[in-house]
Each structure stands twice: as C-alpha cells, then as structure tokens.
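These are the structures, in structure tokens.
Look at the two complexes coming up: subunit A is in both, with subunit B in one and subunit C in the other.
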Partner chain A sequence: MSDIARARRFGRINLEIRDDMPMWKQSLAFLAGVAAGLVISVVILLVSGVGLAALLNEFVVFIFTSPKNISGVLVQAGPLIIVGLSAGIAFKARFWNIGIEGQVIFGAIGATLVAINDIGPPSLRLPLMAFFAALGGMMWILLPTILKLRLRINEIISTLLMNYIAFNFLLHLLYGPWQDPVSSFPHSEQFEDFERLAPLGWQSLNTSLLIAVALVIFCFWFMVKSRFGFQLNFVHSNAQMAKALGVRVAALTLTAALISGALSGLAGFAISAGIESRMTQSFFIGYGFSGILIAFLARNNPLGIVAVSILVATLMIAGQSLQVFYQIPFAMVQLIQAIIVICVAASEFFIRHRVRWVE
Partner chain B sequence: MDFLINWLANIPGFAVPFALGALGLIICEKSGVLNLGAEGFLLVGAMAGAGAVLTFGGFPLVALGVAALASAALSLIFATLVILLRVNQVISGLTIVFLAQGLTSLIALKQGWTNKAFTGLSSIDLGPLSDIPVIGRIVFSQDLIVYLTVVLFFVSVHMLNKTNAGLRLRAVGENPDAADAAGINVTAYRFVAVLIGALLLGLAGGYLTVVVSKIWVDGLTGGRGWIAIALVIFARWRLWRALAGAVLFGCMEALIPRVAAIGIQVPQYFVLMMPYVVTLAVMVWTSLSRNPATDEPGALGRPFVREERH
Partner chain C sequence: MTTGPGRISAHAESGPAHDPAVPALALRSITKSFGDFVALDDVDFDLRSGEVHALLGENGAGKSSLMNVAAGLYAADRGAIEIAGQTVSIRGPSDAQSLRIGMVHQHYKLVMPFNTVENILLANAAGGYRQSLQRVRELISEKADLVGFEVDLDKPVGALSIAEQQRVEILKVLVAGANIIILDEPTAVLTDEEGQRLLEAIRKLAESGCSVALVTHNLNESLMHSDRITVMRNGKVVDTVLPDAVTGPDLTRMIVGESIVEKRHLSTVTGKPRLTVRKVAARRADGLPVLSDLSFDVRSGEIYGIAGVGGNGQSELVEVLMGLLPPSEGHLYLDGPGDITLARSDERRRFGVACIPADRQGYALAGDLSVSDNYAIGGVLSGKYGSWMRLDRKTMTRATRSAVKKYDVQGVRSDGQRSALLSGGNAQKLVIAREFSGDPTVVIAHSPNRGLDVRASAAVHGHLLSARDAGAAVVLISEDLDEILLLSDRIGVMNSGTIVSEFDAPADRHDIGKAMVGHV
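What follows is the complex of A and B.
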C-alpha cells in the first residue's frame, strides 16, 4: 500500500494556527490546565502515602473553615504578590529576572542592617528598613542589567549566578558578624517590636498585606495605565519596532529591571519584618520560582498576580501541614507548582492551534 | 610538589561533570533547542545514580546507566513541551529545573536515600602504568568515566562534522525552515538531540554522586548545570573549547578544598562563592573578546512551526 493510500485510509492529524479565540474559551483552556495539574498532583500525593480523605481535609476543610488558616494564607500571599509583581514587570520588558531569590536575600540584608545597627529613630525605623531593602534588591539586579545592556550578556544566567553569590554571602553574615549573640544560632538577632510590621488586629494579619496591596495598585497604574506602561507593552510585543519608532528601549529596560529588583527587595523586607521577625538561613526558599510562576500564569497582569498568589499561598500553607503530619518534603509544593505550569503551558497550545483529524 | 600533583590528579574528576554537561548541552542546542533545564537533568541523574547504587548494593557502572536513563525519561517531558507543543523554551527549561528539584527531593526522602553514604566507583589501577611517578597518578589512575568522556568528545566531534546525521542536525538548528524544505524531519532530529543531550547530562549528574560525593543530599548539584550553560556560551558551541573550559573549571574546583589546607586565610563562604564569581567573570571576558566568531546555532530558542514556514 502506498503512503498516500495509507494516509487516505487512516486519515491524519492536521494542525491549524488559530488567529483568535474567544476570551471565555481561553479562560476555559487555562482552567482546564490548572485542573489537570491539580489532578496529577493529587495522584502523586496519593502514591506518596497521603490518603484522599486527608488531602481533602488539609486542602479544603482545614484551610477554608478556620479563620487562623485563612489569615495564614493571606499573610503568606503578601510576599508572593510582591515577588510576582517583580517577575511580571521584568518579563514585560523582556528581561528574564531569574535572580529574585538573590534580590530577596539582599532586601532582607538591607532591612536587617538597619534593624540591628539601630539606624534612625524608632518611629522612622520601619520606613528606613523598607528603603534599604528596596535599595539592596536594586543593587543586586544592577550588575546583571548593566552586563545585559552594555555587553549583551544573557541575564538568565547572570541573575541566576547572583543567587548563589547572595546565598553564600548570607551564610557568611549569619555564621559570622550577624550571628545571634543571644542564642549563638546562625540567624540574626530578633527585631524589636517597632521593627516588625504592625498587626492589623485580626488573627495574624499584619501590614505586609497592605504594602502588597499598595504595590499592586502602583504596578497596575504603572504597567497598565501610565505612559511607561504603554511603552513597556510596545517593547514587549516588538522591541525592534519600538526602538525604530523612538522608544528608548535600554532606558526602559533599566527602569523596569531596577523596579523589579526593588520589589524583590521589598519582598525580603516583608518576609523578615512581617513573618520571621529576623533574618534566617532559609527565609527566601521557593520565592524565586513562585514569583516566576505567578507572573507566567497571570500573564504579567498585576490583578491576575493577586489571584494566582492566593492559590500558591494556599498550596504553601497546606504543604507546611503535609510536611508536619505526613513527612512530605516541602519541595512537594514546588513540584505541584511546576506540574501546574507544565499543564497550563500545554493548554496554551490548544489556544493557539486547532487540531483536526482529516479523513 | 605534592600539592601540585595532588591538585593535578584531582582535576579530571572535577572537570568530568562540566565536560559531559557541556557536551550534552551543545548536542541539544545544535538542533536549535535551548536547554535551560540542565540543572534539573543533572539533579535527576545524581539522585537516580545514588538510588540505583543503594538499591542494587553496588554496580556503580549500572547505576551510571540508570542515571543517564532517568534524565532521558525526564527529557521526554521537556521535548514534548518545546518541540511538539511549542511552549516557550525559557519557561520550559526553568520549569524542568523546579520540577526536578521537587521530584528528587520527594523520591529520595520517600525511598530513604537522602544522606545515606555508599561505596561508589573507584579509580582503575593499571598496574605498572599507574606506578609511574607523577604521570601515573595524573593520567593513569583516574576512573573509567574520565577516559570515556575523552572518547565521547572524539566521537561527537566526528559525528557532528563528518556524518550525514550530524550535518542534518546542525542544519535543523541553523535554519529549520530550509532543513524542512530539504526533506529533513525537524521534529525527529530535535527530539533525538534533546534525548542524547539529556543522557549525557544525566551521566554527568550520576558521576557527581556515584563517583564524587558517594552520597545524595537535596540540591547536591549546586548550580553546576548553570555553570555548564555558561561554559557553552564561553565555548561558543565548539566542542574542544568546551572541553578546555571544563578542565579550567575543574582546576578551580579542585583548588577550592586545598586553599584552606595550605593555610591561606579566606572566609569560607567567600571561597564557596568563587565558582559563580569566576563564571560571571568568564562570561564578561567572553563578551569582551575581539573575535566575535561563534558557532551559535542560528535558530537557537526558536520553535519550529511548519504551518508558519517562510
């Protein structure tokens, strides 16, 4: 039988590029992707020895019926929203900021520097800590940005290498000059009351959530409404054309990268002053990837970032309790996030292509 | 003198993971697929290698094979994403790294492989050859994989430059549209290139546990995958330059444990930063070089969509 005859008999798969797809269909494909990711994750958890009833209990009942856990999710969502914004604004400028963890570390170092050296009067302490945190994050993204703009060095690798340098510097501080003088443990001394973000009066909620909301509003204005945001969109869709039409692409990239670094630094401040009340060895773990994932799933939209952050925060809180009660490593949370990204990315194929069976 | 011989004799062991990693990456990227998942493939190889030794109670060479196969299995997901589903290659690569971090941590903990020391692959003894002073220790007392790595480089250079399959592979990476028009199956070539690349990366990862550390801990690879990616850029996608770069990094890594031993007082964590600082410095040096000639594949990172062929 010739090839043609065989093709006639069995038909073949034909791919067509779609020009457009209605919004509701796109949302449906997105949700199907998330759902598929969650189903695969549930299967992995079942195989790992967590019962179905226990899963339902941990993820749904436990979290959404207790005010303590709802507030826990919201507290966790604060820094996630901020790193999501950080990744989003950088990606908009086509700058792959993979160095979020390093910038979070240097943000926390900036804040802790102010706190343990008692810089400034107590009433100004928190704003100063935030300022130095933003500065620390910007400092840590500056070198890769300059290297990209001046020498065209790939920022994916340079920002990532900066993470490892920042982490070793953090260990140097915590095992050396900044070791807790009270307990001799490798973490900084505890922050004073006025160096911590104030509680809001309901459960464990504190002002870090308000900071996150303020930053969302700022980024929404900045990325969606302002002139800068318009140019950013332009660069995102076609950098060469933007340049040809007079947009200063390099200046725009520099601005977006510095804001991204500052946001990551502020996330470091929100974690150290809002959750841990000191700088520890591991406070930053997972925020880098989560930031990238949140921005990707939310398509760099500030409001979408809030929604995805709450989902990821739920995963993280449930993951903590799985770790305690079922000996599931916390890396499971990362695994679930990766699976969801893969499924959503795969679902986008069906948004852009039409698969047809041709007889 | 002892210091020097010790140092030189240790270099190949440190260079092999970089060399195999860079080789795998170059083969994969010659087909036009940007592989940022290198760290993930190394991690899976390292964990699978350690797990295989612990499960079989020995047989380190079999364990290295298992390491390569495990990494290749993971690469099927990566290849499906970037080649069949045309997902952004940067996002796919990063996701593979994070997937591997989570997966290795979960499996190793559930199987009880974490922090469990074992006896891995030891160096070969060539009798009289290994006993030659100086040369014997440096050249004739390495483990099998060191020699295999050199062989693999010769084979790969020949395959890429002198065989039909190698030339087609490079054509696919240079200009997939033209390659497709010439009747080359772009999808198949890219799939195979990703698989071979992952096999080599998995072997490199397995080497890290089965031969070097002889223990598995979470995140054992410590960014070596990223350093291998930087090495490929430094080598401008040329195999011999990549091998030279790997040896250079091997020199540096082999030096690190010796710095403190000979009494130089540098804070410990600054010493541990060195590989990453040096990698950055090498990238700067590469980009400042006056000779811009490069073998970077023309279509690196660009998905091939036949329906959009120009």
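What follows is the complex of A and C.
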C-alpha cells in the first residue's frame, strides 16, 4: 500500500459528468480548442525553421487584413458550408452519407446539363441549373436511402460505392459527349456569363456565398426551429423510442436524406457555376470528407458548421501561402490542419465533463 | 467526528456499540457532495466477514453513492475507509480491486460479442493470452461451482439473458479475487424466480467467507435474505437493525420517514369494452411464434391485469399493442376508431393510447436529450407547442416545469439536463407525466414498478388508479403478482403466448399461481 500512500501527497484529477453546458460556454470551448491547436502548430512551424515574425505576418496580417485573402477564405468556405450542412442533416437522422462527392458530381452534372443544352430562357437559366443540381443530388442519394429503409442495406457502403459510379460516369461524359469542343480538353465547355454566379462586386466574392447563407438559414430553421428538427433529435438519440412514441422515423429519415442529397447537389452547382465556370474532372475532390469532418466538429449544428467551415477554409488558404512562400511541404500543412482538427474534437471532452483538481 | 476537508483520518475508531468484532470493511463518517447537493452526509457503514448486509433505501437515498465510494469510483470529500481494521486509501477502482473489493453495477460492463471467458479475462488480464484463457476458465468453473451458477462459457455474452449476464459480472469480481462483494440493486432487473435463485447464490457466497453488501430497495429481500439491514434516507444512515427484530411496516417507516401502505380499491364504474384483442398471433423478428390465439377485452374504468411468468410473450404483446410489431393473425379494436390492427404508433397515440414500457431507456426516453424535450415530445407530436413552422420552446419549458412539479420528478437540476441522469424512479415519473399529459383513454403499463422504491411505486400506482377512475381502460402487464393483485379489477393469466384463464378481483393468489405455471 506504499504506492497508494505516496500518491496521496499529490492529489489527483477528478472527472465529473456535466448536466449540460450553456451555448456560449460551448463556443468558448470550441475557440479554446482552435487556440490550443494553433499554439501547437506554431511550435512545430518554429521548430521547422519558419520565423515567428513570418508566421504572425502570414496568419494575422496576411489572412485577416488583406481583402484578397478574406474574400479567398469566404469563397472557399461557401461550398464547404453547403457540404457541411449536407453531412450534418444526414447524420442527424443517423444516415451516414459518405456519398457526398457522388452527389456533388451529379449536382454539377444536373447544372451542366441545363447549361450546355441551353434549357430555358437565359434569365431563368441559373435557377433552372440550381434546380437540376438539387434534383441530381437527390437522385443520387435516393437509391441508397431506399435500400437502407426497405432492405436494411448499410448506407455507409452503398453511398461510398455510389461515389465511384458517379466519378466514372463523370469521366465518361467529359471524355465523350460533353468534351469541350473548343479545346478538346476533358472538361465541359465554359458556361455563358448568365450561367455563372454573379460577382458581388467585392474582390472575388460571388452569389454562391449568398446561396450558402440562404441554405444555412433554411437548415437552421429545419433542424433547430421547426417541428421536424425536434423529431429528428429523437431519431438521432433513440430511434426505437421515437418510433414507439409515434415519430415517423422512416419518413423523416427519407426527408433528411433527400435534403442532404439536394444540398450536396447544390454544392456541385456552386462550385461549377461559381468557381470553375465549367465542369472539370476534379472539381469535387475533397469535399466529401471535408463535409463529414465539418459536420462532425460542429456536432451537426448549422451555425457551428458555418464557424468550422470558415476555420477549415482559413487553414486551406493559409496552407497554400505557407507552401508557396516558405517552402513548407504539403505534408506539414496537412499535419497542422489535422492538429487543429484534433484539438477542436478534443474540446468536446470538456463540454461533456468537468475536470477538477482535488487534493 | 470532524476531520479536515479532503483528509483521510488516520485513527481507527471502534465500531458501533453492538459490534465487537473487527469488520471486514468499515466506512467512517463518509461525506460526499456533488455541487450543492449533499449525497452522503457523515455516513457510517460496516460489513462483517461472512455476512449479507442489506443496504436499504429509496432511489436517491445515497446507497449507490456510498458503495461507489467503497469501490473507488467516487472520492469521498471527507471520511475514512478501513479494511480489517486498517485505514486504507482507495483512489480508484484498481485500488479497490487490490484490496479485494468488487462491485457489480446496475448497468453491466460487458463486451457483447465476446464470450464469458473472454469477458472475465479482459477484466483480469495477466500473462500470456492462451495460458490465461485456460487459467481463467478453470477459475470460473471453480467459482461457479462455489455459488451454484450455471453459465455457458462459450456463448457470446450478448446472446445470454439478463440474469446470465449478471452471473458473468459476479463471476468477474470473484475471479478477480474479491472477498468484499457489493451488489447494486441486483434483483431490480430480474424476474421473481431469477431473483430468488440469485439470493440463494448470495447466501452461498457469504457462507464461503465473503462479505456481501446488498444494495436494494426491496423490503422482503432484505428481511428474508440478509443478516443485518442498514437503512438510508436522504444521504444519512437511519439505523442498522437485525431482520428478526423488525417488521415490513417498521422498515417502510424508516425508509420513507412515514408509513406507506397501498390499499386495494376496486373500480366503481366500468363502462363498455374500450380495447378488444381478438385471436392475435405474432412472430418475433427471428420467425419464432410468440403469441397465439390471444384474446381479451378491457372496459373503460377498469384495470385489466395480465399476470404471468416472464418470457411468456409479455414484451411482444406490449409491442403489438403499441403498434411496433404487426400481428400475423387476429385483430385489435378500439371503441370509436374501430379496427386498429394496422394503425401506426402515431395513429394509435392520436386515438388516446398511452404506453409505459418496461424498458424505459429503450422505449420511453431519449437519454441524450433534455428532460424538457423528453416531456414535450408527446405534446409536439399531437400538435401542441407552436406550429410545424416554429416550435414554442418557452411554453415547452414552462409546461415541463409544471409537470415535473406535479408528478414530483426529483433530481431535475436544470431545464437542459439530460434525461439519462435521472434515477429510475424519477425517469419513470417523467414518462408517466408525459404519457398522462394527453388524457389517454387507454393506458398500457408494462412492469411499471420495476426498479422503483416503495414511495415511487406507490406514486406510479396512484397515477394508474386515477387514470382508471377518470374512465381510462388500463392494461397492466406485470410479472410482480403483488402488483397485479393490488391494482387489477380483472386478471388474465398469460402462459405460452396466450391468456389461459381470467379471474375477477379479488382473486385467489394460489389459483392465479397455478394458472401461471401449469396448464389449466
């Protein structure tokens, strides 16, 4: 028992489960997580030879004071917010939508279909493209959803595999019927001016950011304010109990999955019509996992998704300039992003638990 | 009795006056608070070797907290722990284990896909895997023989019944070498018969030299199966008594501070049949037929009790009534809407059917969500609290607060508190508050007093009776014959998935017992 006696002199950490935590404290925990991640990253960068002054210059001055970079972050954040919402709403219904990229591809295909076939009058072209993009995304998630609800086929596998189908179909289109007739490159022809999301008149910002904001408002209403969202919380927490109480679990899951698909489709629209101005063969890459990551870190909360998306976009932009100006290898940039993400994820622990030092 | 905060007092005090022997485990002046709430207030408890010591009290009296201190899960704010007269410091479960203290919790800590041997090995890992596997297997057989347990060692634990899983948990602490064994409400999850077998095993354990602390809220269990009884109330010890020296009513008075005697009072006004079940048959998910040719009627203003040994189709009957399991044959009728055999659960709720399931955490509450959400979901689904566009959270919170007050749900410290943090009795009260908020005309209650203490179960019974007196048709399905006899106006006995006979109250206990076990 001597080791026990020895331990007594030092006291110990006591963990208690918290009843609940007010929203502002949760936000504070989130920010503390970001700060902790940044501190660790700075240490790593200092060790690898980047000067402190240069770092401050990069992160604080360059990112937050240059309008070009602020707009760069916001342009990057737009589609991230939309895919984050897509993942968040599906996860809320315990529908593990891993097929966001496939739905993004089909969203872009829907939009491009309208654009290159000149469907509808020019003034209605963009709304039509958006509509077909949402439809494309919904179509691509419908099959896995039906398979899950009817035959209990695991949607993680089916949505994942649907990504590959979508990708190969995209390649078929770009190397076949939709190949750019002007340059013969494997991408679609460029969209007309009225088929692109209009610039907002400040730096590179365009209406895709407004679309993202509108979708955030919609999702906030749907998930937080409306009766659907309330019921969705029960599907998330205990589907069996929800069913026993009369929540129509299957119908709600279907609705949430379709909205998720539509959102991913709209993300495809926002990227193709807002950033690339055409459909390329790589425009979707990374958005699937980013969406999942963002939704996870934001715990499926629409406002949290906005915050995390901006954080992720900042890391992307800062990473690019670190790479270009300080010859930091890309692996290091990824390492830093991962560290910050892990720190934010770890802050969840302090939301759930109270840590006290007892003598 | 004043010791400094956070200090473990070093001097051993002599035990209570009636105890000359040195106790195997003694807890001295234990104080523990959570925030402002004082869970344990200067509590003394001792456990002699070879005895079964019942720790009796209501939910929330501090029994589990006290035992968690002994098992190293909670650190006491003040007080001392002695093992065989020596002051020890228990700073975590591993300290407790090395002091040969083992605790079996209410919620089991088992890895479901692993078998018994693997689960026990996991908690007692030492040396190479293969040799340990053999060693642990032998140890398990030895300990199982000692207490008379039969456990399948090679089946995945998930495929075992609750009672068998509990035996695995007990064997786990025995294999770890514990000789001070704490069992937290072990019979709460068991049927009467299984509980009886467990109590016999506990006696064998004590005879083999172990000391057993039996946390319970069941009077008969402590009167019949313990050597001494310590009663706790509101975080304090009321007294320690010998079972021969007290009666049930004495103990009740000690537990609740007043006497609670539930009296039978039969229905005065019974109307026409409200719920009619006709020739219902149903199969489980694995295709096994569980219900067959099951028929009964429940009139408005009566409680129809369904008695039976557990596992005769009760759970499936509840699922059929709730609309979760479609019957393969037969029909359900409701006075008014008519045939509801194919109605979904939300439609049945709209027709006025409320349900209090036996598995609260599985079918009645969403543990992650707040008390307020869990209360309001019933109202939200029936169109209360704002429109589909906008949920009225303020009204929801206000309604929850008044329901929490009206139904005496204790332990709600904030509006946003997760419902999983409520104790069993209070969780049940919350379920009842929600289910009764819509003035139901049919109430299905499955083992509503399971895991509840005297006071909580009297309150629950009171609510069922007042629903009946308000004209509801109540179906009470319970494996507790006392509960059935106390509340029912008519009694149906369920055996092998069907009602084998019916009795009018007051019915003879032995007749019902015969019908439960045999074929009439």
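Please note the rule applied: the second predicted complex is superposed on the first by the 257 of 359 C-alpha atoms of A that agree within 3 Å, B and C clash if a C-alpha of one lies under 4 Å from a C-alpha of the other, contacts with A are read in each partner's own complex, and residues count from 1 in each chain.
Assume a contact is a pair of C-beta atoms (placed from the backbone, for glycine too) under 8 Å apart; a residue touches a chain by one contact, two chains touch by 3 or more.
Fair warning: this is a prediction, and the values are worked out from it, not measured in the lab.
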Partner chain(s) touched by A:Phe169 [first = subunit B, second = subunit C, both, neither]: first
Contacts of A:Pro329 with subunit B and subunit C, given as first, second, both or neither: first
Residues of subunit A touched, compared between subunit B and subunit C (which is higher): B
Touched partner set for A:Ala53, first subunit B, second subunit C, both or neither: neither
Partner chain in contact with A:Lys225 - subunit B first, subunit C second, else both or neither: second
Which superposed partner A:Leu147 touches (first subunit B, second subunit C, both, neither): first
Contacts of A:Ser158 with subunit B and subunit C, given as first, second, both or neither: first
Touched partner set for A:Val341, first subunit B, second subunit C, both or neither: first
First, second, both or neither for A:Ile13, with subunit B first and subunit C second: neither
Set intersection of subunit A contacts, subunit C complex versus subunit B complex: 16-17
Subunit A-facing residues of subunit B, complex: 36, 77, 81, 85-88, 90-92, 94-96, 98-99, 101-106, 109-110, 218, 222-223, 226-227, 229-230, 233, 267-270, 272-273, 275-277, 279-280, 283-284, 287-288, 305-308
Subunit C to subunit A touching residues, read off their complex: 6, 8, 34, 75, 88-89, 91, 95, 322, 324, 344-350, 355, 357, 362-370, 373, 377-378, 380-381, 386-391, 413-414, 416-418, 421
Of all residues in subunit A, those that touch subunit B in their complex: 15-17, 44, 48-49, 96, 98, 147, 151-154, 156-158, 160-162, 164-165, 168-169, 171-172, 175-176, 289, 292-293, 296, 327-329, 331-339, 341-342, 345-346, 348-349, 352
For the subunit A and subunit C complex, residues of the former touching the latter: 1, 4-5, 7-8, 12, 14, 16-17, 19-20, 225-231, 233-234, 236-238, 240-248, 358-359
